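First the structure, which I've put down as structure tokens, then a few questions once you've had a look.
Per-chain numbering from 1; labels A, B, C and D assigned in written order.
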Amino acid sequence: MRELGFGSKNYKNTVRFINKDGSVNVERTGLGLFDNVDIYHWLISASRLHLFLVIFSGYIGVNILFAAIYYLIGAQNFGGVDMSTPYQQFMSLFFFSAQTITTLGYGHIYPVSNAAGVAAAAESLLGLLSFAIATGVLFGRFSRPKADLLYSKNILITPYENAYGLMFRISNKKQYELIESEANITMTMNNPETNKREFYNLNLEISKINYLALSWTIVHPIDENSPLYQLNIKDLEERDVEILILIKAINDTFSQAVYSRYSYKAHDFVKNAKFKALKQEATQKGKLKIAVNDIHHFDVLEEM
Amino acid sequence: MRELGFGSKNYKNTVRFINKDGSVNVERTGLGLFDNVDIYHWLISASRLHLFLVIFSGYIGVNILFAAIYYLIGAQNFGGVDMSTPYQQFMSLFFFSAQTITTLGYGHIYPVSNAAGVAAAAESLLGLLSFAIATGVLFGRFSRPKADLLYSKNILITPYENAYGLMFRISNKKQYELIESEANITMTMNNPETNKREFYNLNLEISKINYLALSWTIVHPIDENSPLYQLNIKDLEERDVEILILIKAINDTFSQAVYSRYSYKAHDFVKNAKFKALKQEATQKGKLKIAVNDIHHFDVLEEM
Amino acid sequence: MRELGFGSKNYKNTVRFINKDGSVNVERTGLGLFDNVDIYHWLISASRLHLFLVIFSGYIGVNILFAAIYYLIGAQNFGGVDMSTPYQQFMSLFFFSAQTITTLGYGHIYPVSNAAGVAAAAESLLGLLSFAIATGVLFGRFSRPKADLLYSKNILITPYENAYGLMFRISNKKQYELIESEANITMTMNNPETNKREFYNLNLEISKINYLALSWTIVHPIDENSPLYQLNIKDLEERDVEILILIKAINDTFSQAVYSRYSYKAHDFVKNAKFKALKQEATQKGKLKIAVNDIHHFDVLEEM
Amino acid sequence: MRELGFGSKNYKNTVRFINKDGSVNVERTGLGLFDNVDIYHWLISASRLHLFLVIFSGYIGVNILFAAIYYLIGAQNFGGVDMSTPYQQFMSLFFFSAQTITTLGYGHIYPVSNAAGVAAAAESLLGLLSFAIATGVLFGRFSRPKADLLYSKNILITPYENAYGLMFRISNKKQYELIESEANITMTMNNPETNKREFYNLNLEISKINYLALSWTIVHPIDENSPLYQLNIKDLEERDVEILILIKAINDTFSQAVYSRYSYKAHDFVKNAKFKALKQEATQKGKLKIAVNDIHHFDVLEEM
């Protein structure tokens, strides 16, 4: 048993501690509205679509705001504005705002009075600072060290060395290398005797490899020391089992440690099955080729 | 006893080594004016208001400076300047400066003579470089790895395993995950016998957890080996006790180690009290919810 | 034997696991078209020429695209366009596009209608964001921690302490310092008995040095415990030997761990040879000079 | 004895391995002209003055180059150029170039022909990319993790526990905190018997402290196990001794490991001297004050 930080409460519902995407399935409530939000974290973790919508609507919103300020100052304070209708005045000032905040400054519309000059000088400073923030966020997004691993959809209980072994496979999806990979596997289930949730570290046959070059089958031998010993899948379901996986590796491009998390629940288990060997060959020039998408495939064995 | 780097001097005043915000409460004097200032460090640690004031007043100041330079060169060296009064000339040149340093360049005011051209070319280079620095500072501010922990306001002395335990609680305030958290707790007090300040490492029941997902109650058993053994709160006050806390964790978004510090003084101690359990439940979908703001709550126990 | 992550398959062809440039010689197939591409990784790993071509053709392409959009909106919606021929209209709009996306904005060509204003406002935003990405990519490229090591072209089998030693030399090519360098050497060859590929860790005389200041001759003693014991070069060739080298060091400029990989195949081995001493001297002022390019030189010894 | 990576050659001259500024005193020759230069490393390590000169002369040079290109294209291809003399044409085009490369674009000078338009479009792209590089370099310069330590000018041999101790002091000059500081001290001297240079690790009384808050006196006890045992300063001079110091710490602002190096030669040794206590007091509010500049002061003791 070990301390993971998830407590030992036995929940009435089925729980999941780690989601399939690796996030920790916990919501922290009771803090003030912005106390548990880190805006930068949100911006670098948001989906591309969300980020685009934030930038795009922010750009339009700020330009409407400044167009309104310029309109209140008075369109006659600006040279080159289309004065034909109030609507056209507003549109001209909207375009003037866009040309100012991006520091584009064609100059066919330009500030004449001092009030207009001050407002434009402020808007261009705001534009530069916003752009500085955007540069930082975009850089933060792509320079964030990542480990993009593929996990086999199922976790197998396979005959192994006169007994059984718990096995799943991982592979690196990307073209960058992951080196010095380490696996740390924990199992949690409710203990029907104590009515508490318990956490167990699972011993691994091999817990560290130098290169995650091909695929890695991670094996926990189900021997007498294993908390899985003599449990069947129905037991696992009743005890609301979860296998919590933490892989640590060095992302070679950034020379930085990266972490990947995953979890399996009882319905992901398959007993008496064995992973198929991945298609793996060497070219004439000595390059190895491996078919990564075969990682999920397994054969169901005849009953032993 | 161990070496923390705070020396062993017994100060006449009450001292505090670590502030509540985690900063080390030391001032280093005797160096030259700028020797112990790192401007970048100041810029990325300053409050948002201070940074805004620095940027804003810097922007105005530099524009006033360049407006003055342009005014000395002579307003007639620039096309499009409002020549009506010296004041308006200066204002026009101030706006021209703002349009130049931001590389906005509407062009309704523009340099005519060579001297004006050279000054404007210099100002626009200065603008680009200042903006490069601002981009770096803003990026440095938000990409700085942080651990934003909530510490219980009090540190309790609670009945624990036939004796007492020293206990406080922490929780992660933000939505990013902190993994592989480690606690390192040191106590310092004056020794009335030697008249020296001493530092002790406090043994912890559990000093490392995998996920700081819910809350973590950090427990030091007050047994015979503890320097707190058989001391009461009045003793702690007289000896000017301080509990120094260093939490190290991995910020999962940045895959980087982060540190959080905190300290408790004698007046933060409560004897014979026990933390209330946090409200913690699972949703129908298996998500855990925890009310983080209850971390401070405790019950005072009847005298044993 | 140890687990490197390259499996134990005995390929019919000669294989090479690590290329001379340090990349892992594996291709992962079977994923979707973009699943195994990380664009940022590509951009920061690409050669300078490739990156230049991408930026240059992207710049021209986007300007042609926006010139076409402006042309469809109608050249009469823009002031200052050369209307003499459709070709000249397009060229004017192409230049207008370039002046907009770079936020240059001379303003001799400028949007008149609302449609033109909207398109230009969109293009200038696109320009700023693209430029933000370019800034991030360029910064990512040069701030990437590197270890630029020079490896001796050959790996020698040299008489050493009454037996033989396997020896190669490395040196730091750059002017930055590498400290706390560690070498980790693995050998792989096919085992003719089991018909499997096996991996062996090679013990090193010294596996860690404080400063990679001069050159470092890395020595594996070929004693009875060595998998190379009593094998000659012909054996090594038949068994398709590969020496896999992983050097880890701290790049002192960035205070960051960096990794360098290299490999030797059977044809890189030279038996009964000895590295020449590097020319190494101290100046009058106590500075050490070392001729790094001599690292490859060795003397062939007479048969023992 | 240990392996530092400086070899064991006994140089005829006095040598210094580590300079007072922490750089390694080695020059690597024999490589191609640019093989051992990393431009980014140069830019982020250069002095502020050097960097300013590079940027400033680069800016002028590129503008002269593009002014010449525009002049060759012909000044009549540009609107708004002062055509009075060839010199004034060139000056106008120089200013046009500056307004283009900074994307300022007032527009009082503007490209008319297609050739002029193409050249200006190319220059503005070059400007943006150069500026992206400048942003990266400036950010790289200040975000570089640093440890700015003050070392006592001398290294003392002080009576210590019935024998002698080798002592020097360090202190943190900056207002950021350094935590988990570790010292690693090596001594090198020529061995008159073997005529080889040898390196020894020096045992330290305390080699790690939690906070480098005040000052840290690093002590090596000169007992029978010390290579300094029964050597006097004249011996040290003859054997060309050097004490090589490597301090590793965590810079708290960046949560990153930083390294500081220093060295002492024989003429920095003082025997029978003792460091003065630093002035150290606590304010009414419990803040500690320490006079860092006193770190160098010592008292010479009467002969024992």
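Going forward, a contact is a pair of C-beta atoms (placed from the backbone, for glycine too) under 8 Å apart; a residue touches a chain by one contact, two chains touch by 3 or more.
Owing to the predicted nature of the structure, the values given are computational and were not obtained by experimental measurement.
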{"item": "Equivalent interface positions on subunit C and subunit D, same or different at half", "value": "different"}
{"item": "Cα-superposition angle relating the copies subunit C and subunit A, to nearest 5°", "value": "90"}
{"item": "B-C compared against A-B, more contacting pairs", "value": "A-B"}
{"item": "Most widely separated chain from subunit C, with each centre as the mean of CA atoms", "value": "B"}
{"item": "Distance between chain centroids, defined by C-alpha means - subunit A, subunit B (Å)", "value": "26"}
{"item": "Computed distance of Cα centres, subunit C from subunit B, in Å", "value": "37"}
{"item": "Junction residues of subunit A - those touching two or more other chains", "value": "103-107, 135, 139, 256"}
{"item": "Complex contacts: residues of subunit C adjacent to subunit A", "value": "2-7, 9, 11-17, 23-31, 35-42, 44-45, 79, 100, 103-107, 110-111, 114, 117, 120-121, 124-125, 127-129, 132-133, 135-137, 139-140, 144-145, 184, 186, 246, 256-259"}
{"item": "Residues of subunit D defined as touching subunit A within the complex", "value": "103, 105-107, 135"}
{"item": "Of all residues in subunit B, those that touch subunit A in their complex", "value": "55-56, 59, 63, 91, 94-95, 98-99, 102-108, 131, 134-135, 138-139, 142-143, 146, 148, 171-177, 179, 181, 206, 208-214, 216, 250, 252-256, 280-284, 286-294"}
